[in-house]
Each structure stands twice: as C-alpha cells, then as structure tokens.
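You will see subunit A twice below: alongside subunit B first, and alongside subunit C after that.
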Partner chain A sequence: MRVVRLVALGTLLHVKQFSRSQFEIATALIIPLVQATLAVYLFRAGTEPHRMLEAAIGAGMMAVWSSVLFGSGGAIQTQRWQGTLEMLMLSPRPPALLIFPITLATAVTGTYAMVATLLWGGLVYRIPLDIAHPLAFAVAVPAAILGLGMFGLLLASTFVLVPNANAVNNALEYPVWLVSGMLVPVTVLPGWTGPIGAALPTTWAARAVRESVTGAGPVWPSLGTCLAISAVCLVAGAAVMSYVERRARANATLALA
Partner chain B sequence: MALAIEARDLRRTYRTRTGWLNPRRVAIDAVRGVDLDVRRGELFGLLGPNGAGKTTTIKMLNTLLIPTSGTARVCGFDVVSQTREVRKRIGYVFGGDRGLYDRLSGLDNLRYFAELYGVPAARQKRRIAELLELVGLAGRERDRVEGYSRGMRQRLHIARGLLHEPEVLFLDEPSIGVDPVAARELRSTVAGLAATGTTVLLTTHYMAEAEELCDRIAVIAGGEIQALGTADELKHYAQGRRVLEVQAFGVTDAQVKGIDLLPGVREASVEVLGTSQVLTVQSDAAVDVQADVLRALDGVRLGRVTARQPTLEDAYVTIVNGVDRTPATVTA
Partner chain C sequence: MRLLTVGGVIAYRALFNWATPSMFVGTLLVAPLFQLLFFAYLGRQLGVADDTFYIVGNAVLSATLACVFGGTIAIANERRWGTLGHVLLSPRSRTLIFLGRALPYAGNGLLIAVFTLTVGSLLLGLRIPASAVPGLAVTFAVGSLSCACFGLTLGALGLRFRDVWLISNVSLALMLLLTGVNVPAEHLPEWMRVVGGWLPITHAASAARLLVAGEGFGAALPSLWREALVGLVYAVVAAVLLTLFEAESRRRASLDTL
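After this line comes the complex of A and B, so read on.
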C-alpha cells in the first residue's frame, strides 16, 4: 500500500513539476496542432476520409510516445541537472521506485497533447468525437498511459548507459510511430517490421485505444498484451536501474560536479 | 564508546579520460586514507580548503560514493553493503540553490521526501509543520520554491534533511552564500539539533562557525586528515607565533613574496575584502616584524595595522599551508 501511495504521490508531484514549465505547456499545445494537421491531410489525401478520428487518436498516441521517449529517456539526466538525483538516491527505497513516478508522469503529461490533438482536430478540422465504446476508451487510455510509463522505466535506465542518449532519442521517435501503427496501419508496412511492432507496448496501446474508438475489435486482449509487455519492461527496468545506481556510485556520476 | 561514524583508511580515486586522438587517463586521489571516529551525539567539524576531500569524504560516508578502498560504518552499518540501513538513519544537507523541485511549493517538496524517507502518513503533517516552524518557513510553505531566497532554500534543505529524524546529519557547507543573519539562525538550529542527541558532521569554510559549534574539528587537506582535536587544541598549531594584520590598498604578489622571506616571518597571505586588502603576517612570537613589513609596503596606501594573538583561522592556515597538494596522476 505504501508503494502505491509513493508512486501515486510521486507521479502527481512530478506531473505538477512538468506542467508548470512554460516550455512543456507551449509544446503540449502547439505540437498537437501539427500532428492533427498531419493526420488530417494524410487521410484526406487517401481514400478513407471516414477514418479521420482514428487518425487523430493515432496522432494523440504519437504525442504520448514522444513525451515518454524524451521525458523518460532523459529522466535521470534531468534530475542530475536539477541536483535532485542525489537526494532521490539517498532515500531508503529501491532505485526503480524513485524513477518510475517520473516516467509515469511523462506519460500522463503526454495525455495533455492527446487531448489537445482531439480538440484541435474538432475545432480546426471538424473531426467529430464519435467514440464507439466510450467506457472501453475511458479504461484503455489510462491503462495505455500506465503501460507506457512502465516502458519508460526501461528507457530511463538503459538510456543513461548509452553515450549520446539524445541522439538515440531522436532516432527512435519516428520509427516507433511507424512500426506501432500509430499513424498508418501496420498492414501497409513491410513484413519484417511486424515482429518488432508486436514486441513493443506502444503497438498494443495504440491498438487498444483505436479499437475502443472504432469498435473494430475487442479492446481487452490488446490492452492486456500491452500491460503484460509493459510489466516485463518494468521488471527489466528495475533490474537495470539497480545496476545503474551502483555503477553511478562507483563512477561518481550521480552529481554534476 | 558508541560511535556514530567510523572510517578506516578510506580512499577515493576519481578516474577520467581526456582527449580523442591521444587519450590520457587522469587519476585524482581525492581522499587518501582517512581515519575518523565520531561519537554519537557529537558535533564534528571537517575543515579544509577547496578540493581538500571534504565533500568526497561525506559522500562516501552517506553512501553516494563507493570508496575505492577502506571501510566505513554509520550507526554500525557498512556504507557499501548495507546502504539501505545507513540511508534510513542519515540526513544530508548541502549548500547552494540546487537539489529542490523549483516549480513545486516548499510543502510539496517536503511531502514528497517524507514519503520517500518512509515517514508514516499519520505523522507526516505534524512533522512537516514542526520543521517549517523550526526553520522559519511557516506561512511560506505554499509558495513555489523558485520564488524563495537563497536563505529560504537553504532552510528548506535543512527541513528536508530532518524529516525522518535522522540519527546522523551530514551538513556539507550549509551556510555557503547565506547572509549573516540567516547564517546565525542556521548555527542556532544546528546547535539545537546536537543538543537533542543528533550526531552532526559539518563541513565548512567558516572558522567562526566551526569554533562556535563543533565539539571536535578535523582539518583535511590533500585528501588526508592533517590535524584533529578541539578548537583550543588546534590553536596550538599556531603557538609561539604572533599575527600582524595590515589593511592595505594595492599590495602586489611580489610584495607578499618579499614579506614572506623576511627574517622571522612564517606565513604571509592577502585576502580581498571589498575594496581593500587584508595582509596577514604570522611571525615567531619573539620577533617583531612590524617595522620590516611596513617598510616592504612602502608606497602602498595603508589603513589599520593590528597585532594580535593567533586564532583558529591562523592555526588552520598553518596546517593547510604545510601540505603538499599534488593529487593527480596522468597516464597515457
């Protein structure tokens, strides 16, 4: 119970900390307009204009992924710059419990962009918010956010081991959009991308949310698969994080100075 | 004798690599064999110049750094293999602006760290209120930290370090950059903590602070403990000397070097204070160097000239100046 309380409070406070950054707010408002525009024109140019809402949801998931990728990937570095990493690590808790609320918060703040995408889509491009299974949608979105937050812990712990993690971040953003089927259906992609997409929780998260919106398939198997893969990522991320913490103490890299 | 902190032959070497085409490895021995015993309830000071190894020593003791060799125990627990037990029992406060969530309120910062440090939910509210009162932030706790002055941030750091009522508190230059009034309040807070039985390990640059607060003081320089004792015991390092202080405007390095070579002079150093300089000359007690020093300063505008007995600061300068500080080793 104490762990749940710690994660909940930590996530809430990190969401507060992120949401009060003017840069984050501006990004969360402007980028979705670009993404909604991209989605709209991509599908208008195609032959399926009725799939505009699906495209807007896909664009929203892209925004959540970007937030997780950049926020979680750089979570440890950001805490180091703030000088808070040492203070977090000094607490008598497993390192994963200190970083997981941060990666979860990056996924939660990503939903701002998702909401903004839908709003921009409705206001500017008149895309109606016509959801097939509202209840499933209401469950699928937070569950997908939780799953991506868990995936974020693996990103946070492994990226800190990679030199030039920023370059890796940039290189991963678009490929994951594509192989996860966030913007275009995975069926139009080359066959070899299938296994990669199937191993990523982003694919199942996007699929579950899309299924709840279109009613094209059962939501729960996709959502269950997303959470199962994410749980594996969480466990792997926790193991890597313990290794990273010990290595940082040995190499004196917890602080900037 | 119950010990709160015990360190044996504690060493820490930092290894870095520089250059791409012709990489060179640099090994810096920041701490070179520190032995330390701090009793429970003691207020222990660690004094030393920049780069002496104070912060590295503290970070090895508080589990943030793994020693290259040697052992250390805090409250009986090993700092390398029993980190969680050590962390439950210690608090850490460092000087400066960083280390807080700036866009959150002071209260949110304290709530988060209370949760992290395992303060029971039922106790958190009361404990946070007590600490806000103790550090003088009651009434400002809902303001964002980014709007706090440096002194307020420092007090919030202290409140955070005390949330879980640690048995041992590490204070790493807590008064750095704090105004004199806030520094006095901080000293009073630290003294109060020690009075309630908390063991405090304090590093500072300020001699007056160390002399006022600490039961015992260790002077560290070149990564090694150079002297250890009470403030009065340390003053013996400057025994047999007298000190001449000259307020001056425009003393050159060459003149200081010249004064250093005068017969009977042991040390000469200059400190800049605002627009003026203070030249401090330590000499043998039996030799009056005042006339020679003033002659060496011919042409320099002078202010107040004072002769006095050595202080802890003079003893500190004596100890530190006798140390060879060449800790870096470079290999291809």
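After this line comes the complex of A and C, so read on.
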C-alpha cells in the first residue's frame, strides 16, 4: 500500500511539474492536433474516410508514445540538469520506485494529447464519438497509459547507459508508430516487422484502444498482453536502474555519468 | 564573402549541438528515413498516392529538420550560452553574419535530402531517371536554402520570445501538414494551400516531383523560382527582425534575458 501511495503521489507531483512548463503543455496540445488534422485529411483523401475516429485515436496514441519516449528517455538526464538526481538517490526507497512515477507522469501527460485529439476531431471535423465498447474504452485508455509508463522505466534506465541517448530518442519516434500499427495497420508492413511489433507494449496498447473503439476484436486479451509485456519491462527496468545506481555510486559519477 | 562563409562554418561548429556522429545519424539521417517510410506505408494503405509521391516529397522535406532547427540554433544558442553580446559588439554587418550561418545548414539539408531520397528509393524500389539527377540536386539545394532562411526567421524571434523551441517544433509539425508533401494539395482546404504556398519546401517538392516524372528542368523551373522567392522573403524578414530586435534589446537592456 505504501508503494502504491509513493507511486501515486510521485506521479501527481511530476504531472504538476510538467503542467508548469509552457513548452510541455503547448507541445502536448498543439503538435498532436496538427498530427490529428494530418491524419484526418489523409483518411479523407484516401479510400477509408469512414475510419476517421480511428485516425483521431491513432493520432492520440502516437502523442502518448512521443510523450513517453522523450519524457522517459530523458528522465534521468532531466533530473541531473535540475540538480535533483542526488536527492532522489539519497532516498531510502529503491531508485526504480522513484523514477517510475516520472515515467508514468510522462504517459499521463500524453493523455492531454489523446483528449485534445478527440475533442478536436469532434468539434472541428464533426467526427462522432461512436465508441463500440465505452466501458472497455474507459478501462483500456488508463491501462494503456499505465503500460506505457512501465515501459518508460525500461527506456529511462537503459537510455542512461547509452551515450547520446537523445539520438536514439529522436530516431525511435516514427519506427514505433509504424511497427505498433498506431495509424498504419501492421498487415501492410513487411513480415519481418511483425515479431518486433508483437514484442512492444505499444502495439498491444494501440490495438486494445482501437478494438474498444471499433468493436473489431476482443479488447481484454490485447490489454492483458500489453500489461504483461509492460510488467516485464518494469522488472527489467528496475534491475537495470539498480545496476546503474550502484555503478554510479561506486564510480562517484552520479551527477556526471 | 569570408565573413559569410568562414564565419558561418565556425558558428556551425560552435553552436550546432547535433554535430556529433551519433546525433547526426540518429536525428538527421535515421529519423527522416523512418518518417518517409511511415507516410509511404500509410499513403499506400489508404490509397492516397503512390510511393513516388511520398519518397520524393519526404526526401525534400527531410531537409527541414536540420535547416529549421539549425537556423533557430544559429541565433538562439548564442543567447542561451551568453555569447550573443559578443556577436552584437562586432563592427561587421550582423545581417551578413547571421545570413552566413544559414549556409552550412542548407548544405546539411542538401546532404540529408540526397541520403533520404537514395535510401528511400532503394528500399521502396523507386527508379529515378538519370536525366533528373542534376535538376533534383538544384531543387534540394534551393529548398534547403529557403528552409534555412525560414529557420533564421524563427531564430530571430528567439531574440524576442523566450520559448523559441516551441515555435520551431510547431512550425516543423505544420510543415508536415501544409506543404502538400504528405497530403496532396488538392485535398487540403484553400486557406491551407495558401499558407502552404508561403512555406518553404512546398514548391521545391512540386519541382522535384515534376523532375522525377521526367517532365524536365524547364517544367520544374517555375516552381523553383517560387521556392527561391519564398526563401528570399524569409531572408529579408529575418534580417529586418534581427535589426529590430537588436535595437529593442539594446534599448531595454534585455539582450541576455532568458
């Protein structure tokens, strides 16, 4: 219970902190709207104008991934720049428990984008919010956010080991959008991308949310797979985080590594 | 001329913090290539346009990342790192100093566009007529230069507004939508087409598509002139804004206020 409280309070704190940044808010709100508009015009121009709601949802999920990728990937670096990394590591709790709320907060921030995208689609393009399974949708979105937050911990802990992690961050946005089928169905991609997509929680998260909207498939198996893969990522991320912390303490490179 | 070229290269080496090999490859080569693949597969699946449309358009667009952020960095990073005052103390023309900075970024953009077109064509099987190659090189160069001037304009805004990166990020996202690179212009509303017509890349992408279609350099020339005009307009706007904001920041003693 104390762990849940720590994660919940930590997440709230970091969401509040992100909410103070004009850059974070404006980026989370404006860019997804541009992407959603692009998706709307592409779907209208193409042969599938009836899939507009899917386009809006897909654009929202893309924004959640961008938020997790850039926010979680640079979570440790950001703490270092702020001068708060040492304080976090001095805490008696395991480091993973202190960084996880940050990565979860990046995913929660991404939900601004999801909501904004749906509102934009409804108000500007008159896309009706005809959700096939509203209850499943209401569960799938927060569960997908939680899953991506857990995946974020693995990103945060591994990217700290990679020199120039920003380069990896910048290069990973489109590939994950692509292989996860957020806007492009995975069936049109080359076969070898299938196993990569299947191993990513983003694929199952996008699939669960899409299935809850369209009613095209059972939501729960996709959501369960998303959370199972995310839990593995969380455990792996926690192990890597402990290793990184020990190494940084031993080498006295916490603020410099 | 020395101020324009040598000064530009020195500033590029000093200010462009993506110049390390891993950052350059990850951010400027790999990311635009995946952007091309993403839109090519999406366009293919939706039946919006063929692969050629997306490969050529996104190759031209790939220059924007280096040019728009580069142009912004060329001015905004001077302020961020506290060296803007030294530049403005120089007795030489600030307009020349800053315009010279656009050149290395335009060169970067050209390199990235050529890389993206080459690899994108190899991956998706596009055959480009050999006769189109010189024209494409000119088109990429004009598009990149125009885009770098646009970046300088955004960078100039960095002398006035604190969060210039937000403006650059949003501009880059808008270019995906408005330049007609990913959504054919005829499917966009009139006002978006008008705005897109005043953005860099729009006309360069049209010229490149004509060249790849085998229409010849003559057919692409009007679009190229329009692209050059757009670039010139942004160069003039950047110069005017820099002069205005410099005078204002001296008057209000707000040069290095972050």
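Note that the second predicted complex is superposed on the first by the 254 of 257 C-alpha atoms of A that agree within 3 Å, B and C clash if a C-alpha of one lies under 4 Å from a C-alpha of the other, contacts with A are read in each partner's own complex, and residues count from 1 in each chain.
We adopt the following convention: a contact is a pair of C-beta atoms (placed from the backbone, for glycine too) under 8 Å apart; a residue touches a chain by one contact, two chains touch by 3 or more.
Here the structure is a predicted model, which is why all the values come from computation and not from measurement.
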item: Which of subunit B and subunit C A:Q22 touches, first, second, both or neither; value: second
item: Contacts of A:E173 with subunit B and subunit C, given as first, second, both or neither; value: second
item: First (subunit B), second (subunit C), both or neither touched by A:I30; value: second
item: Subunit B versus subunit C, judged by how many residues of subunit A each one touches; value: C
item: Contacts of A:L9 with subunit B and subunit C, given as first, second, both or neither; value: first
item: First (subunit B), second (subunit C), both or neither touched by A:P92; value: first
item: Touched partner set for A:L38, first subunit B, second subunit C, both or neither; value: second
item: First, second, both or neither for A:A250, with subunit B first and subunit C second; value: first
item: Touching partner for A:N164 - first (subunit B), second (subunit C), both, neither; value: second
item: First (subunit B), second (subunit C), both or neither touched by A:A132; value: neither
item: Touching both subunit C and subunit B, counted on subunit A across the two superposed complexes; value: none
item: Complex interface listing, subunit C residues touching subunit A; value: 20, 22-23, 25-27, 30-31, 34-35, 37-38, 41-48, 163, 165-166, 169-170, 173-174, 176-177, 182-184, 187-188
item: Residues of subunit B that touch subunit A when the two form their complex; value: 14, 62-66, 84-85, 87-88, 90, 92, 96, 98-104, 108, 111-113, 115-118, 121, 144, 160
item: Residues of subunit A touching subunit B in the complex; value: 2, 5-6, 9-10, 13, 16-17, 20-21, 82-84, 86-93, 98, 246, 249-250, 252, 254-255
item: Touch list for subunit A against partner subunit C, complex; value: 22-23, 26-27, 30-31, 34-35, 37-38, 41-48, 163-164, 166-168, 170-171, 173-175, 177-178, 183-185, 188-189
